[in-house]
Amino acid sequence: MTESIDIKHIARVEGHGSLYVTTKDKELVDVKMAVDEGARLFEAFLRGREYTEVPEMACRICAICSASHRVASTKAVEKAMGIKVDQQVVDLRRLLVWGEYIESHILHALYLALPDYVGHESVISAAADFPEVVKIALKLKKLGNDMQILTGGREVHQVSTAVGGFTSYPTHQTLDEIKERINEARADLQKCLDVWATLEEPDFERKTTYVSIKRDDEYALVDGDLITSEGHRVPVEKYKEIIGEDQPAYSFAKSGVHDGHGFFVGALPRLNNNTDQLSPFAKKALSQLGIKLPSYNTFHNNAAQLIETAQVFDMAIDTIDALLKSDLEWHEFETVPKAGFGTHITEAPRGSLVHSYEFGDDGLLKKADIIAPTTMNYLNMEEDVRALYPSIADLPRPELELMLNRLIRAYDPCISCSCHVAEVK
Amino acid sequence: MGNNGKPTVGIFGFTGCAGCQLNILNLEDHLLDIISLVDITSWVMAKAENDDGPWDVAFVEGSIAKSTDIERLKKIREKSGVLVAIGACATHGGLPALRNLADTDEWKKEVYGDDYERIDAIDIKPVSHYVKVDYSLPGCPMDKAEFVEAVKALLIGKTPYIPQYSVCGECKAKENVCLLKEGKFCMGPVVQAGCDALCPTYGAACEGCRGPAPEANWAAEVEILKKIGATSEDVKRKFLKYCPSVADMEEFKELEF
Amino acid sequence: MVQLQIKKENVYVPDLAKLIKKRKMTEWETLFTFEFVEGRMKDLFTYKPGQFVQLSMFGIGEAPFSISSSPTKRGYLELGIRKTGDVTNKIHELEVGDVVGIRGPYGNGFPTESLKGRDILFVAGGIGLVPLRSLINYVIDNRDDFGEVTIFYGTRSPDLLLFKDELAAWEALDDIDLHVTVDAGDDDWKGNVGVVTTLFKKKKFKTENLSAVVCGPPIVYKFVVKELLDIGVGKDQILLSLERKMKCGVGKCAHCQIGHKLTCIDGPVFTLFQVEQMQEAI
Amino acid sequence: MSPPYVMKRTDIKKLVEAASNEYDVFGPVKKRSKHVFGKIDNPDNLVMDYDSTILSPRKYFQPQNEVMMSFDLEENKVEDTLDELRAMRPRLLMAVHSCDLNGILHLDRVFGGEYTDKYYFARREKTTIVGINCLDSCEYGFCRSMNTHHVVEGYDLFLTPISGDRYYVQVGTAKGEHLVHMARDIFQEAGPEDFGAFKAALKHKNESLPHEVDVEGINEYLDLSFHHEFWDKMAEDCVNCGACAMVCPTCYCYDVVDDLDLSLTSADRTRKWDACLFQEFALVAGGHNFRESPAARFKYRFYHKMRGFAHDQGILGCTGCGRCTAACPSDISIKDVLKELSGIWEVAPTAQGGK
């Protein structure tokens, strides 16, 4: 008997996506990840825009990782034009991204994923049973947002980060305050880890290629080379060597392909690829949650986000200390447009993010290629569904659907963000 | 009213970055209070169980970017007592509506390749073009504080208030150094206030994401900007950036750049 | 009458008042009767016809309303309020026993002393009867102090007539000459039809001792003033009660400024002569 | 009368340090290329010699947003914030120019009178003001024309820079005397030579401050030109942004709003700066706008400034500080408006107000 399992509008993810699974006599016949987003045509309308405007508009691709888009886009522009920035600017951008990590990871792990583990339909209903965790989650999320506000002026679509620098700086006092809050929040994050340690992770394993950026001197999130779990490492300009895009006939979701199969970007791939660079807090979290690296269980991506949050706590303190040592005197900066190519890859919370541009000598954008993490993950999601299905085929329908939902959600997909996707007619 | 006596609320996203919805989640200090006052019965971004209305209040985010969106929007309107458009995409088309001013097919091709015709991409009009909008919260993204104000106002039964003047008024009250006077392209003089002059406060020129202020004196702003060296092209491009639906306004059509 | 000054620490803080009666007059206008919660306020709160109060709906806002009752009736305040916005909508939702904030009285009010001994023509358009009613009832209660009294009152249609019972009572009085008109009648309407200025054809006035007191929407002033000047009423004997946006009521917020005067403390009652000195007044 | 003193200019730091024990100190500090009045936590940040500030000191007496009272909606309780205000730490406001001292005196008149505004005066009483004499003109100001380049009251101490890098210090009030005593050793009683230096400074000031606009008869010009097309022409460039009103030391209009708490059980009544340039300023329920056109509102600001105060205070409402000109995105200059206004008066005065 042919059956179709249609999960329309996967809930608790950003953006609109659906999963269509066709089975025959409990054997999986077909899997399709479909996108229900309208087309926005970012790469088209960015053309002809001034180089200063490009990052400001490009960050609107996605609100949840707007800071990553902003930073990746800005750095791509600066690379194209040979614009140099000083260490304060580098550190402020890092701090901005650390804030985004805290906010985004907490949002996903505790608001969007956690309800599944504790049998709730949403964090709103979970708030009744787990008021303390929900309150802590709010507090941590606010901390991440406040870090973004401190550096970028706003938590969504920052305003003060520009090509060449920042239009305003935080003060020593505000940095001191946020540092103190981060240190205080360690205990809160620890409580979340304690709760997570009691949860049961679904049993699932499938080895795939894990892609992320990589540095030798630190856990790479903002800068680095592109690397695969098989050890293939290239400078980011050569991203196409690793990240291929394939456009399946049924959807305009271009999917990431690598060597003819899907690959996975996100928190778990980063943990797998950068295990030796974890900070003390992250290491402790890792061992507390009992995850052995490398892990091939996609569901571990949720826990990996919490571990990374711990990682970012440590990194943020270092960054703030560095900033506190500088004068933090804001100064005017000027940038001069120039023709050229520039590519940057940042790790957004949900995976590697490519911004690649070509500019004319008038400083107007000629061509853009933007590949968002969720785009890269589509094919891998489908492959995961195929691998998971046999073990859940006998479950009653609602539970089966829930597991499929949870599998997709574990990717922390951001469908609105995948700017190469659109619903087909 | 929901079965617990609280007003029912639906939050809906159309095509966009989900930033306005995220900004609701970003109300960390108020979220639990809001949840205690209203019954959010539909919000796909945050909940797995979502009902089919009716809703006392619907918040609608995003651009109406494909033909199927129109039907969905109309259904939401039919089932809602009050409909609030949130964010630039819903109030003025947003960045995606830039295609109205261009050859959409060429753009589709640029992004999706030769098979572009399968992409459903209609010209983007504000939500108010299709259905009655009771209140609009402009901005890219909408302002969190304005959202809270609107929720409170609707709950107690007063009119959600948005200042009826331009960003400069707020900017000056915040004692910012004027960026226009520093020669930067600031749209503050003609843009709808209510953001508390966020960008200029952080040293960045106003980009006009909240759309034109009522009675905006565009002609004067064009003169001001030309004085600091902007070209007609710059002015036109920037005026339309976040709020392309402005191109349909009579005042704009009559404007000489 | 001696004006008792209420000494208050903070002029902006309202006193609590309780709604004791609510009488619907038209679809849009209701007469509300308030009584101060604090007993001593009943004696302390004295006012002149033509003065107004600031009424607070806590959490919604504050708005100015003319006192419609006559100071000859002590112990309560009547406000006739039209539903037009946030504050007034909420006021209409009040139930007897509900509490609001009231501060005042503010404004100069009508010059009751200098009107003594004079003939008075009241001209009210629409909701303008609300403040005039205070003075009319004051005059009725002190009838011997005044000369001939005429009232012209017009509304757009019969269903918009305010204080219908009172109109009937005034009609019944020998020493009050009441003329009512509507812009457009209905099947039951047997009275005058036409705008309020058409009533001037109904009566010949001796103008040497005549004072006119006018209140209505902005448009009424233009035409009524013209009629009054035509029949020869002196500019300083034409009294107009003006309306402007108001926030503080005590001359600080500047919203009600007309030319160089403030409606709240210099007015709301001005003579036509004064009004002509004030830029952009009518 | 307290004797005048002299002090070394560099000792201002010591004064601020001594005062910090008792006062929160505010004064001009740098903001990008401009100056603003701000909190002085480090006396090195205080700038005594500055051109002008973006906002006037008005913000310390009538803040942009001020909670006046709170309501308990369930219990119907009203509680004002005066006690809180009166418990506020005393403030010292440093380096206020003459024009701004005059501005404060204007506000004193507006907020005083029969219905005294206790909020304003609570703040006023908590504040000690150290004024400073401008010996040279600033970029946009025209204080001389408005007769606000000197002050006889409104300060607690008044400093005039004199030769030898010193200030000549006049004591205006007991508050000022108190301040002197907080750092008594930096003040010396002025001697005859110091007086000479003071006179020389005033002479320099007298020669250097230009008289630029003739406002003689401005009241009449305004009334007679009220319906003149000049205003429509001038208003063409105005974007009705209200920046001019926000920065003005004598603009005081405010709006009042009730801010509900999210529980909907309590609310704050807040007043916030408003401006007569805004569309809704004279708009009443039902949609009638007493100043419908942007030009009417533009004109009205000048009218109120130059005519409105004259009515009950016998003075002009402008202190000639020039801030509105500095702030106007359209570069509309009040000096130009005043000059052109007297120009049309010369050409076409009619009883009906010109054409």
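We call the chains A, B, C and D, going by the order they appear; numbering starts again at 1 in every chain.
Criterion: contacts are C-beta pairs under 8 Å (C-beta built on N, C-alpha and C of every residue); 3 or more make two chains touch, one makes a residue touch a chain.
Here the structure is a predicted model, which is why all the values come from computation and not from measurement.
> Report the most central chain, judged by the distance from each chain's C-alpha mean to the global C-alpha mean.
Central chain is B.
> What is the chain whose Cα centre is as far as it gets from that of chain A?
C
> Roughly how far is chain A from chain C, going centre to centre by Cα mean, in whole Å?
That gives a centre separation of 66 Å.
> So the centre of each chain is just the mean of its C-alpha atoms; given that, what is the distance between chain B and chain C in Å?
So the centre of chain B lies 44 Å away from the centre of chain C.
> Report, in whole Å, the distance between the mean C-alpha point of chain B and the mean C-alpha point of chain D.
Going by mean C-alpha positions, chain B sits 37 Å from chain D.
> Taking each chain's centre as the mean position of its Cα atoms, how many Å separate chain C from chain D?
38
> Mark out which residues of chain D touch at least two other chains, giving numbers and ranges.
32, 257, 260, 264
> Could you say which residues in chain B touch two or more other chains, in rising order?
156, 203
> So which bits of chain C are touching at least two other chains?
Residue numbers touching two or more other chains: 59-61, 85.
> By the touch definition up top, name every chain pair that qualifies.
A-B, B-C, B-D, C-D
> Residue numbers of chain B touching chain D in their complex, please.
Residues of chain B touching chain D: 30, 33-34, 37, 148, 151-153, 155-156, 161, 163-169, 171-178, 180-182, 186, 188-190, 203, 214-217, 219-221, 223-224, 227.
> What part of chain D is in contact with chain B in the complex they form?
The touching residues are 31-34, 36, 54-55, 59, 64, 236-243, 246-247, 257, 260, 262-264, 273, 275, 277-280, 294, 326-327, 329-331.
> In their complex, what parts of chain A are in touch with chain B?
Touch list, chain A to chain B: 9, 11-16, 37-45, 47, 49, 53, 56-57, 60-64, 66, 107, 111-112, 115, 121-124, 127, 134-135, 138-139, 141-142, 145, 153-157, 159-160, 162, 166-168, 247, 252, 330, 405, 414, 416-417, 419-420, 422-425.
> Which residues of chain B touch chain C in their complex?
Residues 156-159.
> Under the touch definition given earlier, write down the residues of chain D that touch chain C in their complex.
Interface residues on chain D, with respect to chain C: 68-69, 71, 73, 76, 78, 80, 82, 110-111, 113-118, 223, 226, 252-258, 260, 264, 266-267, 269, 271, 274, 276, 281-286, 288, 290-291, 296, 300, 303-304, 307-308, 310-311.
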